[in-house]
Amino acid sequence: MPTPSYHSAQLALDLVGVFVFALSGGLVAVKKGLDLFGVLALAVAAALGGGILRDLLIGAIPPVGISDWRLLTAAGLGGLVTFLYHPGVERIGRFVRVLDAVGLAAFAVAGSLKSVTFGMPPITSVIVGLSTAVGGGVIRDVLAGQVPEVLRRELYALPAMLGSIVVVLAGELGALDDWVLWGAVALVFGLRMVAVRLDLNAPRPLRTGQQQRK
Amino acid sequence: MPTPSYHSAQLALDLVGVFVFALSGGLVAVKKGLDLFGVLALAVAAALGGGILRDLLIGAIPPVGISDWRLLTAAGLGGLVTFLYHPGVERIGRFVRVLDAVGLAAFAVAGSLKSVTFGMPPITSVIVGLSTAVGGGVIRDVLAGQVPEVLRRELYALPAMLGSIVVVLAGELGALDDWVLWGAVALVFGLRMVAVRLDLNAPRPLRTGQQQRK
Amino acid sequence: MPTPSYHSAQLALDLVGVFVFALSGGLVAVKKGLDLFGVLALAVAAALGGGILRDLLIGAIPPVGISDWRLLTAAGLGGLVTFLYHPGVERIGRFVRVLDAVGLAAFAVAGSLKSVTFGMPPITSVIVGLSTAVGGGVIRDVLAGQVPEVLRRELYALPAMLGSIVVVLAGELGALDDWVLWGAVALVFGLRMVAVRLDLNAPRPLRTGQQQRK
């Protein structure tokens, strides 16, 4: 069992998740034609939203997303990188998906891990892991005015939930080590990428939510 | 006065509210053309959102919505039932309204009751009851990309607020028993249904928010 | 340093912010064609949303936005005033901006001040100040179905962040008095109004987010 202090794996997972969700949030902002400030704001909201939601749910006050300089720097940096070096618009769609899958994986594990170390019940830790993973993306999409990815895509929440279950089970069995954690990250990422691949070949239109609005 | 422990009326009200808001959330998802996952996600968000908001506002960590198996099962079941047996699309609109009124009533009473048992000030308990009642629907509508029902419909929040006031007054007078609680539920439901009936006959178009977008 | 009790400057700033954000929220509702209830609901959400978010982030349970009669009255009054006396629709756009700037300034200072008095770390207090300032407007815009102002406008978040930094620095230096607080309010308001003036002359269309939807 990890100690309740800010474990190094916890920090690494949080940093990875924050950075890639910042890129993902920034790219959605670029796609929506927002300016520098909009890109930074959406990047930070997408990056920190899931972790702040997690910390509110488990009573970790103040949330690390607004108290740890490293996470804030990673979020701002992700937004800035996106603004300066974002690829051509036609390549953005697929890239956002991959980044999203990395963030989903890192945050599912980081979220359930922190909930376990805070002594929450197993079922709570699974849901907290899932909420950490999908929360930032939901906030990003709601702010950008589109129906959240998690509602439009099959197998978006499921991989995150499975990863959280692995972490919680390992915690119950006293087997929570770095191997399990990074294995759970790989599991979530792998499952999500398979889903993305199958999605891309499916006949369903890419942006159902937006098309319904027109 | 009920004890601060998880009172049986509290549980019954929470279960009823969770189940019917899950149906209501699921039906909105069906109407929006979302797939199985979208239906389940929107059902769970609508069902648990109000109670989680309540628990965050009164400091009940972790929120029961993410720690009690019975509520989670009721939410998932409501979503599944909607997906499998939803009535024809033309009948959905009115059915959502009735379910919404049941959930509104159960959650207004469950929310204000829990706030009273947590020793919150009377004014806080009234607002917490109202927030519990409208919170899930607001989250449902924001996620589904439509202007929340509570902003578009007269007499949506008012019945919930009146029901909460009844609970808070009964609590202040030391007269909180099951009769008062279920009476308050009936009051909220009755008022809301009267409003729905009048609404249906009113000249206003059914979906103002959506029409403005076109 | 102010005492952790509900300081008079804190109350004044909260009241000013609540009232003007209620007007701003009400005017957005009027513009969207909502009825009396929609106007009141959006006014209250815009007015109290930022402060409730702040109190959740710093663990001030229950949030003053749902426990202090004066704030609730100010919010309701702002909504009612808007409904009864809102100016002609053609003058609303600019007026919302000015009110928004006043609320932004009052809430940036009120938010960072309360966070400092709750003993939060400096970086947290800056972000809490910013969140208090932009939170109500974001909630208002999301509920009204438009991309939040903070994502569409340059120099919206920046003045609020600078004002929060001034408050936090003064707190660190033990120099937090009423002069500093109201000076910080004037700074935020002044910077924001300069940005609004430049914005109005800029070639960018007034409502980018909405035009993209059409």
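Per-chain residue numbering starts at 1, and chain names A, B and C are given in the order in which the chains are listed.
In this section, a contact is a pair of C-beta atoms (placed from the backbone, for glycine too) under 8 Å apart; a residue touches a chain by one contact, two chains touch by 3 or more.
Source: prediction; values computed, not measured.
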| message | Interface check for copies chain A and chain B. Shared numbers divided by all numbers used: above half gives same, below half gives different; which is it? | response | different
| field | Rotation angle superposing chain A onto its copy chain C by C-alpha atoms, nearest 5 degrees | value | 120
| said: As a quick test, compute the distance in whole Å between the mean CA positions of chain A and chain B. | reply: 28
| What positions in chain A touch 2 or more of the other chains? | 56, 142, 145, 213
| field | Residues of chain C touching chain A in the complex | value | 56-59, 120-121, 123-124, 127-128, 131, 138, 142, 145-148, 150-158, 208-209, 212-213
| task | Note which residues of chain B are touching chain A in the complex, please. | result | 29, 32-38, 41-42, 52, 56, 61-63, 66-67, 69, 72, 142-145, 213
